[in-house]
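Shared between the two complexes below is chain A, which has chain B as its partner in the first and chain C in the second.
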Partner chain A sequence: MLKSMDKYLAAAALSAKNYLGYASEVIFRSGFLVVILFVFVNLWTVTYSRSGAEIIAGFDLRQMLWYLVFTESIVISRPRVHLKVEEDIRTGTVSYTLVRPYNYLLFQLSVSLGERMVRFISTLLVGYAVMAVMVGPYFPGLSILPFLMVTVVLAMLADLIGMITIGFFAFWVEDVSPFFLVYSRLQMLLGGMIVPITLFPPFLRKLSEWLPFRFMVYAPAKLFVNCDISQALSLMAGQIFICVLLFLIGMSIYRMGVKRLDVNGG
Partner chain B sequence: MRRERQVIEAVKDVSFKVEPGRALALIGPNGAGKSTLIKLLCGILSPTRGSIRVLGMDPFKDRSKLAYHISSVFGQRSQLWYHLPPIDTFLLLGRIYDIDRVELKKRMKELVELFDLSSFLYQPVRKLSLGQRMRCEIAAALIHNPKILFLDEPTIGLDVVARSMVIDILKDLNQRKNVTIILTSHDTGDIERLCEDVIVLNEGRIVLESNIREMRKNFFHTKIIEIEFAGQHADLDLPPGVSVIERSGPVVKLEVNLKVQDANEVVSRIVAQNSVRDITIQDPPLESIIQHIYLSGDPAGREAEQNAQIDG
Partner chain C sequence: MSTVGKYLGLFLGYLYINAKGLLEYKVSSLIALFGSLLNSAIWLVFWWVFFKRFPNISEWQFVHLFTIWAVLNVALALVSVFYNVYNISELINEGKLEYYLLKPRNALFHLLIARMRLVDLVEATIWLISFIILKPELPAVILFLVMSVISAGIIHGFLLIFGSLGFFLKSADGIGTELYNALITFSTYPNWIFRGAAKWIIFTVIPAGFISYVPVQVIYNRAYLWILGSLGFGIVLNVIGCVVFSRGLKYFETGNTFVLRAD
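Now for the complex of A and B:
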């Protein structure tokens, strides 16, 4: 099992190294976060001062702002793996990977995870520096750090499997962008990227709890500001379940798609 | 409005066998089924009828097992990582093919020497020339020491020097390392230098399966004689079946129809009547034979047989 995962770990590491070649994109992406955070800091400062409440939806102002640094870093770091998969299917490249001894979904997952980790770390560092200047530094407890790292990786894996699965729709349709648009908007709204899901009205919160998006964005960010180890364990169990479920769905769609694979010309 | 389904048979009635260590060329016009045949042999596609055995395995059913014993290079599809040096791709492929680290190091050393990659092994792929990239591409395909190498247009876009180098290396691999090569190319020069056997496809069918030397012999209706005269020469008194195809100063190029005239007799006659400085007899390019086979389609085999009888 470990030996068979070795190739995927190597692919993830190489992808991270490869992405460092795109230094200008890393800087631009991180710069974009500065603008977003500036808007959020002002927006939430006004919201808290106008409402007069110290805690909103279980978060004080500092927690809310650090929560947003984390959710934004997770979402902004997302590579466009669905488009890569779409292109591979459209150009027939996916068929050539059939003769390589690896699982296409796992390979794309590793490559996109490697790239995403570099993006996430660089974005988070910039976000941390900006927020530390604006509202003062924040140090999550050392004991929570290993759990935090695992939940971030699991959150990214679940999201990337979802994106790759959307890319597989290219076996049937020319353009997967509309599907990704719905996916990303649902994730943005119901995953807790802009506001924590605890702020939602009951029916929306219920809906959000039934969907996988909260495991991808809300849950790791909440852990970052809340540092509750007992929550971390149940969160990780939920994330693993979602990853396995999405992987099985993704593989079923891939297998159906590969059956109808039509490789045109040379 | 109703969608109509049209079934197109990309490859049909195809049957052939390749002995280990041979180099086979699949040639044919665009849409002849060459790439489809390679995809069937690699296990990318499954035949609707019939069966395929590659190294004793069904390429489609045993694809993941076969992947460790075969390799493929598809001219315009790279497996090199663009921003990273080729060595990184080689190391990753070593992990993908579960190659032991010591064995991988040894294998890489061999390939670096064979393909002369040492001067650019640590340079990002984006900085390499097309020829250097193709050498790395083929080296990457050989990292797991495959028994069969499938190449689909490996020299496409390469300049003369790079193309020659790639073909020399492939020839060396085939002859010294006994790697079976199955190749498609539109370049007849490459095919002639590298392959012993050829299969000509047209509209999904095999129109000719032959040894390249045999094909040349059976399909030659003409020979080209190039003569350089010493000084001025009178108008040539040419026998029937011989025509001038090019004239440039003292150099004259003749085409001899072998069904009508014997090339040696023509040479003797010209030498007897003129003062000649140099004379060469050439076969027409392979390309013209292949063009002839495409145009004649199915009867090619019959024609080859007839010509063989004529020659014999």
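Now for the complex of A and C:
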């Protein structure tokens, strides 16, 4: 089992190595991140100050701001893997992969994870620098770092499997972007990217708890500012469950799609 | 035919061509419309949650936030009638400007109207209807329309200046895009969250205050003097943009890339 995973790890490592060449470009093109963090600092500083509350939705001001740095870094680092899958299906490239000794979903997952890790670290560095200048540095406890790394990887895996699954819709439709649009916007709100889900009124919070998005964004960011190891373990269990569930759904859709694949020409 | 008539004819001709294009690509236009509305809806849910949680945070309520989103979106739709204003720098750098220089019409006017994103006008109509439902008072609706047109002028002038800098700076496209993103982002937040230097920035370098704070002041507090202020600012931006473009045109040297028909 572990041996069969070697090729996927190699693909992820190679992709990360390739993308390292573009890491500086990611850093220099982070203007939007700087602007949005500047706005968030202003919004939440005023909100905490005017409301007189020290804790809002379970976060103090510094935690809220660092939470937002983390959620933005996770989401902004997302590669467009759904478009790659869509293109492979539309152009018929996917048919060549059928005879290769790998699982197409796992292969795309490995390649996009490698790229995403580099993008995430680059974006987080920019976000960290900006926020450190604006509100002072933040150092999460050392003991939480291994758990944090695992939850970030699991969060990214779950998100990437979701995106690849959306790409598989290209077996039936020409353009998958509307599906991705709905997915990304639901993730933005109900995943807790722009605001922690604990701020929601009960019905929205319930909805968020029923959907997988909170495992992709909210949960790792909460761990980053909360540093609660006891929560980390249950969080990882939830993330692994979501990854497996999404993988099974993705593979079912892929198999259904491949059955109706019809490629013309050579 | 008078000069005005000729230019009007040119405008109507492009309007016709672009409308046909819209009908040709109905599905992709509808997807773009759906995407834009969905994005706005998500942000409005965020603001609804925010004001539900902090109802007394300021004199602003959800309705004010809805108004700035509506004004911004109608303004952006009006700018989309001159969609190439987003691409001036690219047209200059990629040898697509020459096409317009060869025609017996003002090059800037011609390139601005050559590409329109008319689906945005459908979105503008949806925003207008939503605003009317939210505030069914004729004076408010008129002021809403006036401020949307002025905001469109400000955004257009802003884009024109930074696009025309493409004559002088190779990286104008990147700088312009970053500043435009900042303008749009700042425009969707209430002005009272900004303090210190940021308060000045949103009325100068990144004039988002004219697109968010001013329309709310005019529509809800009837601060009519702000209309003149915004209008003046919009005119100044567009005049500066035209001057930068015409100066750049004198500075312009054609390259070896020559595109016969561009966007």
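Criterion: the second predicted complex is superposed on the first by the 259 of 266 C-alpha atoms of A that agree within 3 Å, B and C clash if a C-alpha of one lies under 4 Å from a C-alpha of the other, contacts with A are read in each partner's own complex, and residues count from 1 in each chain.
Convention: a contact is a pair of C-beta atoms (placed from the backbone, for glycine too) under 8 Å apart; a residue touches a chain by one contact, two chains touch by 3 or more.
Computed from a predicted structure; not experimentally measured.
J.: Assess the superposed three-chain arrangement around chain A: do chain B and chain C clash, or do they fit?
T.: Because the two structures are overlaid on the shared chain, the partners are seen to fit without clashing.
J.: Mind working out whether A:M163 is in touch with chain B, chain C, both or neither, as first, second, both or neither?
T.: A:M163: touches no partner chain.
J.: Is A:D6 touching anything from chain B or chain C once the two structures are fitted on A? First, second, both or neither.
T.: A:D6 sits against chain B, while chain C stays out of touch.
J.: If you count the residues of chain A that each partner touches, which comes out higher, chain B or chain C?
T.: C
J.: Looking at A:R100 after the superposition, I want to know if it touches chain B, chain C, both of them or none. Which is it: first, second, both, neither?
T.: In the superposed model, A:R100 contacts chain B only, not chain C.
J.: Once the structures are superposed on A, label A:M117 by its partner contacts, choosing first (chain B), second (chain C), both or neither.
T.: A:M117 sits against neither chain B nor chain C.
J.: Using the touch definition from the top, say if A:R185 reaches chain B (first), chain C (second), both or neither.
T.: Second partner only, chain C.
J.: Now for A:L204: first (chain B), second (chain C), both, or neither, which partner does it touch?
T.: Touch status of A:L204: second partner only.
J.: Could you look at A:L14 and tell me whether it touches chain B, chain C, both or neither (first, second, both, neither)?
T.: first
J.: Based on the superposed arrangement, let me know which partner A:L43 touches: chain B (first), chain C (second), both, or neither?
T.: second
J.: What is the angle, as a multiple of 10 degrees, that the CA centres of chain B and chain C span when seen from the CA centre of chain A?
T.: An angle of 90 degrees, rounded.
J.: Contact-wise, after the overlay, does A:V217 reach chain B, chain C, both or neither (first, second, both, neither)?
T.: It touches nothing on chain B or chain C.
J.: If you take every C-alpha pair with one atom in chain B and one in chain C, what is the shortest distance in Å after superposing?
T.: Distance of closest C-alpha approach: 20 Å.
J.: Please report the chain A residues shared by its interface with chain B and its interface with chain C.
T.: none
J.: Per the contact definition, I'd like the list of chain B residues that touch chain A in the complex.
T.: 30-31, 34-36, 39, 42-45, 63-64, 66-68, 70, 72, 74, 77, 81-84, 88, 91-92, 95-98, 124, 152-153, 184
J.: Enumerate the contact residues on chain C facing chain A in the complex.
T.: Touch list, chain C to chain A: 27-28, 31, 34-35, 38-39, 42-43, 45-46, 49-50, 52-54, 57-58, 174, 178, 181-182, 185-186, 189, 192-195, 198.
J.: Applying the document's contact rule, which stretches of chain A touch chain B when the two form their complex?
T.: Result: residues 3, 6-7, 10-11, 14, 17-18, 21-22, 93, 95-96, 98-102, 261, 263, 265-266 of chain A touch chain B.
J.: Can you check the complex and tell me which residues of chain A touch chain C?
T.: Spelled out, the residues of chain A in touch with chain C are 29, 31-32, 35-36, 38-39, 42-43, 46-47, 50-51, 56, 175, 177-178, 181-182, 185, 188-189, 194-195, 199-201, 204.
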